[in-house]
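In this document, chain identifiers A, B, C and D correspond to the written order of the chains, with residue numbering beginning at 1 in each.
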Amino acid sequence: MSRIPHTLCSLSDYEAEAERHLPPDVWAYISGSSMDGLTKRRNASAYDQCLLQSRVLVEGLGQGGCQTQLFGRSLKSPLLIAPLAYQRLVHPMGEIATVQAALAQGVGFCLSTLSSTSIEAVSEAASDSCRWFQLYCQPDLNETLHLIDRAEQADFQALIVTVDAPFNGVRHDEQRAGFRLPADVSAVNLNHLPKPRAGDSVFECWMKTAPTWKTIGLILEHTHLPVILKGVMHPEDALKAVDLGVSGIIVSNHGGRVLDTQPASLEVLPLMRQVLPEGFPILMDGGIRRGSDIFKAIALGADAVLLGRYVLYALAVAGPLGVAHILRVLRDELEATMALCGCASLADVSTACLFDFPGTFSNNRGLE
Amino acid sequence: MSRIPHTLCSLSDYEAEAERHLPPDVWAYISGSSMDGLTKRRNASAYDQCLLQSRVLVEGLGQGGCQTQLFGRSLKSPLLIAPLAYQRLVHPMGEIATVQAALAQGVGFCLSTLSSTSIEAVSEAASDSCRWFQLYCQPDLNETLHLIDRAEQADFQALIVTVDAPFNGVRHDEQRAGFRLPADVSAVNLNHLPKPRAGDSVFECWMKTAPTWKTIGLILEHTHLPVILKGVMHPEDALKAVDLGVSGIIVSNHGGRVLDTQPASLEVLPLMRQVLPEGFPILMDGGIRRGSDIFKAIALGADAVLLGRYVLYALAVAGPLGVAHILRVLRDELEATMALCGCASLADVSTACLFDFPGTFSNNRGLE
Amino acid sequence: MSRIPHTLCSLSDYEAEAERHLPPDVWAYISGSSMDGLTKRRNASAYDQCLLQSRVLVEGLGQGGCQTQLFGRSLKSPLLIAPLAYQRLVHPMGEIATVQAALAQGVGFCLSTLSSTSIEAVSEAASDSCRWFQLYCQPDLNETLHLIDRAEQADFQALIVTVDAPFNGVRHDEQRAGFRLPADVSAVNLNHLPKPRAGDSVFECWMKTAPTWKTIGLILEHTHLPVILKGVMHPEDALKAVDLGVSGIIVSNHGGRVLDTQPASLEVLPLMRQVLPEGFPILMDGGIRRGSDIFKAIALGADAVLLGRYVLYALAVAGPLGVAHILRVLRDELEATMALCGCASLADVSTACLFDFPGTFSNNRGLE
Amino acid sequence: MSRIPHTLCSLSDYEAEAERHLPPDVWAYISGSSMDGLTKRRNASAYDQCLLQSRVLVEGLGQGGCQTQLFGRSLKSPLLIAPLAYQRLVHPMGEIATVQAALAQGVGFCLSTLSSTSIEAVSEAASDSCRWFQLYCQPDLNETLHLIDRAEQADFQALIVTVDAPFNGVRHDEQRAGFRLPADVSAVNLNHLPKPRAGDSVFECWMKTAPTWKTIGLILEHTHLPVILKGVMHPEDALKAVDLGVSGIIVSNHGGRVLDTQPASLEVLPLMRQVLPEGFPILMDGGIRRGSDIFKAIALGADAVLLGRYVLYALAVAGPLGVAHILRVLRDELEATMALCGCASLADVSTACLFDFPGTFSNNRGLE
């Protein structure tokens, strides 16, 4: 696609189009979620229940903008592409397309351990990009450390360690659709995918080799990159992370793909901001679909957000151009929201910009 | 149409009929809203959650009525036609039809800056009407003041300054439908529509020339007409308006056309009444569809309400007669509601007439 | 119909069948409601939100039963057929069918002022029945008193004065369906239907001749029958009624046919029980469809309930046999509910039998 | 069926398939419920409103597992097959199939008084199984005691006395579908089904011979087996049961088959745990469909749960293999949930693992 048609205005338009476009099993894999998909839906609907407080006639908005600094780099908007496995499933350019779109739009990019393009190739294709490497700890620690070394050498600027998915979760959508990776798409950065150990239960098969706080300690010792934990939903886990020396957390339930009937990440966000040290970087993902969703996440305490499934929808429908388009749409919508709420910069965005948000958003249950 | 068929009983009936009647792009433009339309829907559903307390056997209702005074003029009911751009889109008579219907039914009329009929022609067509001019501040202050002068000379009796739409908002419905003004409909009162300035963001394109509190100060100095701010949703903005000397506010989120996921205007209304000086005129619009909706707005603190989209639906379906019909239907429904709640006049309509209204209606969050 | 088919088990089955059975305009008239039907729906859904607390292994239930005393007469269950106009619309036997079904099932019967069968004929057809006359006050007081005299002479045992419908309300369902009384059905007990007075508004047309508290005083002086006010929804109106000397009230919003967006009658019931003198008879109607609904109304303070629309559905579908059937179904369901909640008699049914009921059920807003 | 197809992943898949598979009247009997099915639906939806709190990087999960002890026997998961009448309705092997599946999967099995296979045959078919006998008290005490004797001799290890169904409840689904037991399926353990006594009401027909607390006393004197009451929903009834010497209770509303508009059993569970002595066995059933549902029940105080309708769906669709499959699916889902919430054993599962649960879950209304 070399031009975006006028019917593709918003991220939802890409979703509908991608469903028509993709083979059913790939659609099931990407759009799917754990069990009954309640957390996926709750992630999205949480934004709708968080109401905005508009302001009028504010002076000084002519100089406004949504640029931000994250771990020492400038971004045009507080947005990163989330780590998403196997992007060549939906477009031959795969991760090359998305990292270039991110670079073009001035936002960040996270490369999955399960990327279908090599760490080095991604670096080469977008050497100026803001890019972070997402690490799935491997059963063998040396393999884990080797992945980190490669990411460092390829000038990735931060390390995201995903801690919420020691195994795949209960994924019936893709099972029913009979999804399997096609022959020409694989996890090229790994010699082989981790296999379950023999055993009768998830505990024996997966949890015996799952990473623990000790693993994080070893990683922190090994690397000089800032380490960010992805998938933290409990304030006590977040506090433990701070104590251990990590540089940031991502409040995330993995887009509802691992454990269902969790709260929305937006609901957990304010609890995190409340207990974590001032200035400690908190990112979040889950259900972001509008620039106003980003605004609300910022208002409730996020420094930046990650965008997941919609990246793949846009990539499937319109390639790198599609991805660049939705990143731009989100920025425009975010800036429109800021202007209408009287905020000239992200620093102005706070809970004072919200009219009301449901009870759980502000309660303190996580800590009792 | 020279007679209203018996199947057109309520405003909803006109809505359904208008959708059948109008070209899809015009329908998208009129019925559409910002982003996902949540605020448009919330505006409407807020009335349904506000319950009435009926009273029986009350003495003295034989003399009842819903007439009111507004800025020194009598209205047969506390109702005005909201400023609505380009009315010739849906009927060749355009604004002439609506102002005459308003006059016939004894309600007020607001003429949009973006009217498709000239200020002077509207005045001539209904010289006895209660009519207000709605001002969109132009990038050039002199043009703004010139519009005011013309409105004064054409005997408009008040000035509404719309402050919630420094730009159009994110309007995907009309974008997807490919809406464009037809050649024979234009903003005849302006030499040209304001164009966005060059720039990469909404801040640069629109906010550099957007009106601010300073602009309101200049307008107040320039005109002797009462100035009413339209689109105020934050109590602090309302208080600032009072301090500056405006004569009234309209609690409005522009029918959900500019910024989505705002609270309903009905939800904000009681907060406004609570903080503003007694007797200070508060109007509101958004989602009014039944006479009982007007009753509830009055009960929660409004002096009068404005009617938006339904005016255009009625105009499209049945011309001036249709508009007069829905104005009358609203009055009849309002009076029926008053009679059944034991109110002989609007002064009797208060929160005591409501059984219950949801939490946000009475909370005080806007001010903390 | 001489046998009820096994597919007609519950009152809902009759509703579905009646819709298929009746001409659309008659269906619209009977099933219809004021404005958007929200109160009609709320009346019904209120029961679903009121949860039962079952009890097990209770001794002494072998002697249980749901019979009751009302104004000195025994009823087999705490149930009356509500006053319903023009019953010959749906079945040639009309009111004769329903009063005989009521008598056969040992429940009460209310005859509407707008009945399509004469007061005297109803009496003759069921001389042993428990029957009450429902009075709509006529513009001419003498006509009103004459109706009362006829009811007394025909041995009606109580007088219901309906006070919530000084006019018809806004009834778009029947208007759209073009409903009109057929030539052979009329209000045979009146010389003529009250006509609206000339005037521009509901106040002038109807409220000038509407009954007031003074009218109730005159009626109380005139008759020796117990007088019950139907349509009281405000605790202060109920207290005024007690002061004036009425013998009971019916908490009712007229099945949502007069004023829309009122609370459900079930929601108002506990407020009434709370403020009225102990032992003062409180009846209610609105949305009763299950024996468990009756149980809940009793638990929240009612002495008995009235059944409206479903009587007409059953009459339309299966004549007197159908009406008798649904009265029996309600009794069986009520007794099953009592047995499973451990109640041997209606005196055992209290709020202790409810697990939980929504906030408004117990709040006190009506009185502040 | 000798292999489970990949489209049958979750219990819901079996439900959809069973509906296609079974004759409509049998489907109505099994899937049906009392009155309008609100309690059946509430049982299920209660789990969705109870949110999980995930934990990350927990040490020591490699040794985890969900095995438990119940009345001295080990189970591989805290799960039993609920007593379900007439299982040969849906599969020729009937109860033999289900008890063998339970044995194979290491979970418990409850045999209904209304089983279509004899007590003795079930024992023989699975002599090592954990099996409990469910008792419906018969009108004649001797028959009741004789059933107990047979269960003891057949080495059943506990006695469940179902106390919430002195009669069938109002079951319109099966009535409308015209359900009747086919000739070759019957309650083989009884000489005859209890017949209603003559009488006009449920009280006379059924409650005169219904079991009471006295009956429970006699049973406790007669048997040495642990006695568990099934169908207790009121904390006071539970306390009375403890006083009398029963060994456990099952919080259950009979899957919504007897009395509609009760709270979900999950809602009542925490109230029970709160008032009953520490360590007193509380089981529950109603709406269990996911391993995460079991997790939540354990978190709110259950020692184990029973599975009802889904057993019959799986039996209908895929015979004993199907039943074994869903038991295994539940265990896998439960263990996945435990691992992701950081619980190595059931003892770690507590309310601290829940993010939030609706008000009624924790209130104390049952006891006031």
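In the analysis below, contacts are C-beta pairs under 8 Å (C-beta built on N, C-alpha and C of every residue); 3 or more make two chains touch, one makes a residue touch a chain.
To keep track of the chains, here are their UniProt names: A, B, C, D = Alpha-hydroxy-acid oxidizing protein.
Model, not experiment: these values are computed from the prediction.
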Rigid-body rotation angle, chain C and chain B, from Cα fit (steps of 5°) = 90
Report same or different for the chain A and chain B interface, where same means the shared residue numbers exceed half of all residue numbers found there.
-> different
For chain C and chain D, let me know how many angstrom lie between their CA-based centres, rounded off.
-> 42
Separation of the C-alpha centres, chain B versus chain D, in whole Å, is 59
Note the residues in chain B that touch 2 or more other chains, in rising order.
-> none
Chain pairs that touch, by label, are A-B, A-D, B-C, C-D
In the complex, go through chain D and note every residue touching chain A.
-> 6-7, 9-10, 12-13, 47-48, 50-59, 61-66, 290-292, 331-333, 335-337, 339-341, 344, 355-356
State the interface residues of chain D toward chain C in the complex, per the touch definition above.
-> 35-36, 38, 163-164, 166-167, 169-170, 172, 175-176, 178, 201-204, 206-216, 229, 231-234, 237, 253, 258-263, 267-268, 360, 363, 365-366
